[in-house]
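Both complexes shown next keep chain A, but they swap its partner, so chain B is in the first and chain C is in the second.
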Partner chain A sequence: MKLSVEDLQDVGRGAAFLGTGGGGDPYIGRMLATHAIREYGMPEIIDVEALDDDAAVYTIAMLGAPTVLAEKAACGDDVDLALSRMEKYTGRKADAIIPIEIGGVNSMLPIMAAARTGLPLVDADGMGRAFPEIQMVSFNIYGVSCTPLVMTDEHLNSLVVETGHAKRAEDLERVASIEMGCSVILSSYPMTGRQVKETAVRQTMTLALEIGRAIRRGRRADNPVGELSRYLATTPYYSHCRVLFDGKVVDLRRETTQGFARGHCTLQALDGGAGEMEVIFQNEHLIAREDGRVRAMVPDLICMVDSDTAEPVPVEALKYGQRLKVMGVSAPPILRTPEALEIIGPQAFGLNETFVPVEEL
Partner chain B sequence: MRIGVDVGGTNTDAVLMRGDKVLASCKKPTTSNVSDGIVAAIETVLGTSSVPASDVRAVMIGTTHFTNAFVERRNLLDVGVLRVALPAARGIPPLIDWPEAFLAEIGSHCEMVTGGYHFDGRLNAAMDERAVAAAARTFQDKGIRSVAVTGLFSPVNPSMEERAAEILRQEMGDDVAITLSHEIGRIGLLERENATVMNACLVDMSRQVVASFRHALKTLGITAPFYISQNDGTLMDSGMVERYPVLTFASGPTNSMRGAAYLSGLQEALVADIGGTTTDIGMLCKGFPRESSVTVDIGGVRTNFRMPDILALGLGGGSLVREQGSGITIGPRSVGYQLTQKALVFGGDTLTASDIAVAAGYADFGDATRVRHLSADLIEQSVVEIHRKIAEGIDRMKVSAELVPLVLVGGGSVLVDRDIPGVSEVVTPNHAGVANAIGASIAQVSGEIDRVFSYEELGREAALATATEEAVKRARHGGADPETIKVIDIEELPLAYVPGGAVRLRVKVAGALAFDQEQP
Partner chain C sequence: MKLSVEDLQDVGRGAAFLGTGGGGDPYIGRMLATHAIREYGMPEIIDVEALDDDAAVYTIAMLGAPTVLAEKAACGDDVDLALSRMEKYTGRKADAIIPIEIGGVNSMLPIMAAARTGLPLVDADGMGRAFPEIQMVSFNIYGVSCTPLVMTDEHLNSLVVETGHAKRAEDLERVASIEMGCSVILSSYPMTGRQVKETAVRQTMTLALEIGRAIRRGRRADNPVGELSRYLATTPYYSHCRVLFDGKVVDLRRETTQGFARGHCTLQALDGGAGEMEVIFQNEHLIAREDGRVRAMVPDLICMVDSDTAEPVPVEALKYGQRLKVMGVSAPPILRTPEALEIIGPQAFGLNETFVPVEEL
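So, the complex of A and B:
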């Protein structure tokens, strides 16, 4: 499969949906990918099964604040450098690139990287959505080492982190990224083709593209949310998909604790009914409760979309009076195992809940 | 004595104000050369009130001229685009997302040079002054007379953009028009750069328009200074308009909302400006329209500069009323400016929302006998539909669940006669038909700061104080009377995924024009 510049708009919208409120606005990423494609041509998207077992597969992502990325966008050479440094440390030339995170802006940087290098892009990622920290990926959960991890900036400074623990790598790179200007390029989790097959969330680039297409198709037929739900129901992992609530934002509170913006968004039913839904977010949406009863929780996806257009609404853009549909979508099984829940379940985010799948709530 | 003028697509409205009293007002058709319509309108208000031109202390003008010119791509200049950001952001060259039709008008003359700051104001790269000079010579060789300069994180520190402007003038001469991005937009390089380029392609026209306004006032014997209102409801002097015409974009709805606040005496209220084709609904907070938090596309170009948050409904006095199945649809199609020929009450053959208001007995114009045949059922259903549409728009724009007053302005305000859910009272003030010109006449001077602060280092209070102080300084620089400057908006957005309490803080203040201290 090849991606065209026109497809990027659909991928971006799909990625914003999978960002579950966070992950950063894909727009700047889309522009970076657009320019790279115009300059270098379209990247090839390959299925996980097309990888040789001993292929060398590297991730590419941006790390930092999406607000800063929107000003200090990548230069391109920083992306190339991250890959070449990784090749130097592993001693293996890259055979393919894989996104670490399909939700939000990080869906786009690997497309840029693949276009620039001519390497194929693997149709899979490590989250199947967006998460805030680098240990919160399926690669880590199933035993791939996060390091060596390479960070580069636009001055072509580079930094290599080596540690046995992904969470430790997260703490180190987060501090360094601030010194480097709060928006840097990252390559981590160097993998073999076999490891990708064992640990990745599959076909998520296709998923983002098809979500975007379904919304666009739905708008022409005046039923974008319906069309989106219909598409998700046909996918292998995201098939349990329901509109949990249809209402309008009546309260919005934000507070910053330990560097994370925790927010509470309360919606009231439109039909004048008494029902209320509260969604708690910390970069991404964590839990949705209707009249105190849990309706969906992380790692399942809680997505807020505009009631009429199904446009995904990121937490930065939430405001009073918006009419939104809150959708609950099942996370892939690989993110719901006991070992996964330890790292990306509700308790990993400080919620005092035991995970129950959205289809059982 | 002040004069407020609103130059709309159809009408040019003028009001003569003494203190807070409206002495005279009028509506004249907008003319193709703009200044004739302004002269006619001002002559009328001065004539009817017998006030000599020499008593006028200031003229405030609101106009949609520049927005329309840009969207219709009329007389746009070739623009030299200079970005001072390398090595950052090379991956997204300037103009990357502009529609082809615009590039055919303004060219693709882009130069990127080294320089810029970090998000927290630290130096990211020193500016390559030689490269700036070389870019200037390239522009010069191409015959370019207008340059748009965008520096990395210039809203945090504008010095490099200012230095670049000096070098451009040295190389290209003092008459080169230079637009600096930190004067226009917010953080977000591409969107701010787009707005800067938009401005740069309009500066020739803005010089002409300002000259024609100046000429019009001279013809009338008015020697007082004139100001043009910006999209945030505050003023720019004529020199500023020549340099920054883009800041007038979307000032129309802002002026009518500011006028509504003034006429009703309400600072916290919803405003519905009901015209012939559309209803613009906005929310007043501290007497100013709430601003939109999302990026705004103008003519297909993405920007992030200050815009009022307005919901436009396809409902107005000229909206077509049609029976469809068992229900009624009203709008979005409208007879528009042909209302006085096409509506039933004016002898036409088209059923409009205005006809319904007359038939229902709460408006009195035209010939009521011409709508006597309409069934009571049709009238009632239509009235309900009109109120339902407005109620839904209002519900979308409210900022809290509390009841708030609704101020109606514009010629179509007669369409509303019943209670609206969520609204404490409906107010239709005197002079509601010229609220936009009144809004222009009372406009204030503002100052704004948009910067990232570390709350952990500074503390929230100190950060707010610093930002407010700088915003006040900017307002004073713009001509605001320090005694009257008030904070009108504070927005705090914690930066996601960054520890250390980094918060993007926007503070906006505004005050009355310093010389405008007249006795009522």
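So, the complex of A and C:
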């Protein structure tokens, strides 16, 4: 598959939707990717099955608080440095790049990296959405080590972490990323082609593109949320999808603390009814409650879109008075297994709830 | 030179004196070094001039708050891992080990490392005393890069920092060391033999040994502080040496904060006079004022010893009511140059004073 520069807008919008409120603004990433593509050409996007079993595949991403990513983007040299440090440390040249996270800006960073290096980009990721922490990824859930993990910043400082525990790596890179200015480039989870085949969430770059296209199509037909829902129902992962709430923002609390954007957003029904929905987030939306009753929870996707245009609205763009639809979308099945829920279920985020799929709530 | 296990006690006491209140309790280090020597044999200690110009020389140290070092010591595997990670990262096997800091526990860690690896230990260091931060070292002052810098912990997690700025490395390793439990093993400032010859503070292992011996000799003659002062006057670095104050501790404030032991200690004259001395520390003693008048300041050494036995008393062992002599000792000349004072002078520690040598105060 080859994307066109025009496709990037659809991929970005789809990735923003899959960001479930977080993942960083793909607009920034799209600017970076577009710039890289104009200079270096569009990278080839390959299916997981096209990888040799012993290929060396490295992830590339931005890490930090989305509120900061918007102000301090990648410079390019930091991306190249992250990859070359990873290659130096593992002793293996990269054969391909894979996104760790399709949701948000990290759909775009790998496109930028692949364009700059001429490496193919794998049509897959480790989340099928966005998550706030580095251990919250299918690669880790199914046994791939997240280290050596390389971080670089725009001053070309670098840092390599090696540990047997993904949560330890998370704790270390989190404090380091805060010290490096709350926004860094990350290369982690060095994998063989076989490991990618065994653990990745497949075809998510294609899905992001098609989600973006569905929204665009829907706008022409003046029914973007409807068209989006119709498309999602046809996908292998996101087929359980419903509009949980239609309302306006009446309360919003958002702090950038401990390296994350944390807070909650309350919406009131537009019809003047008493109904309220509260959504709690840590970079991404974690749980949606309607009048105290849970309607959707992590790892299922809770996505807020503009009521009229279906434009995905990230946490950092939430505003008082905004009219939004809150959508609940099923997570890919490999994120709903018992071993997955230990790492990305509600309790992994400090919530008391036990996971119930959105289609059963 | 070969040390005996019995010499370690003298080296440790000398190193505690050169620790100027900080550097970590060499007792802990001596236990570690003794254990390693019993298992692996005593390492060879070589003069700087014995190094080939292109030899690969790596530092090894513990890093953290002395108050924590005392409770969470090195396990040995973490020391080996730090060296092997450094070798992997630079691509050069070590030819020798050099202490970064002769003061305190870091006189002993390199002995332990040299014993475990069979490498020779260089009779020199980068401070001729102890300092709290990684950029505060003659290697950095005279142009050696402090990175790649490797940190390891007792769980064998590792971290490699690479940056062009020693203060940046300090900031990064400091937050990481706090996250790793406030006490880690550090290998940094990879150097050639030539760089060691150009930048190291020479013969400081020998000096620590002789300082310890002088105190022991003095005790037999019932005049340890006198004998210590007499010996220091014969050394190439510490020849300006005086007892600034003789008193008892009447006020003490000590906090472990931001990865350091910070605070101040006030002593009152024993003769019942109104005289008071206040000493401020950040791991190490920074400045000593007698009734508001500066008597000694960093980089000169401010050393507190037991009034009767001349036992060096580190910050973490200070107690209300203790009878202490405060000694002011000249720093090695290469730590008193204008380029050195920019990095280790009083203003580098946030003090307002301009450096004046102890012999002129």
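Operating definition for what follows: the second predicted complex is superposed on the first by the 343 of 361 C-alpha atoms of A that agree within 3 Å, B and C clash if a C-alpha of one lies under 4 Å from a C-alpha of the other, contacts with A are read in each partner's own complex, and residues count from 1 in each chain.
Just so we're on the same page, contacts are C-beta pairs under 8 Å (C-beta built on N, C-alpha and C of every residue); 3 or more make two chains touch, one makes a residue touch a chain.
Quick caveat, the model's predicted, so the values are computed rather than measured.
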First (chain B), second (chain C), both or neither touched by A:E278: neither
First (chain B), second (chain C), both or neither touched by A:G321: first
Partner chain in contact with A:D77 - chain B first, chain C second, else both or neither: first
Touched partner set for A:I178, first chain B, second chain C, both or neither: both
Contact breadth on chain A, by residue count: chain C or chain B: B
First, second, both or neither for A:M112, with chain B first and chain C second: first
Chain B versus chain C as contact partner of A:V160, first or second or both or neither: second
Touching partner for A:D47 - first (chain B), second (chain C), both, neither: neither
Touched partner set for A:D246, first chain B, second chain C, both or neither: neither
Touched partner set for A:E198, first chain B, second chain C, both or neither: neither
Those residues of chain A which chain B touches in one complex and chain C touches in the other: 155-156, 178
Interfacial residue positions of chain B with respect to chain A in the complex: 85-93, 96-97, 116, 118-119, 124-125, 152-153, 187-191, 293-294, 302, 395-401, 455, 493-504
Interfacial residue positions of chain A with respect to chain B in the complex: 22, 24, 27-28, 31-32, 34-36, 64-68, 70-77, 79, 112, 132, 154-156, 174, 178, 181-182, 248, 250, 254, 256, 258-259, 261, 283, 315-317, 319-321, 323
Partner chain A, residues of chain C touching it in the complex: 85, 89, 155-165, 168, 171-172, 175-176, 178-180
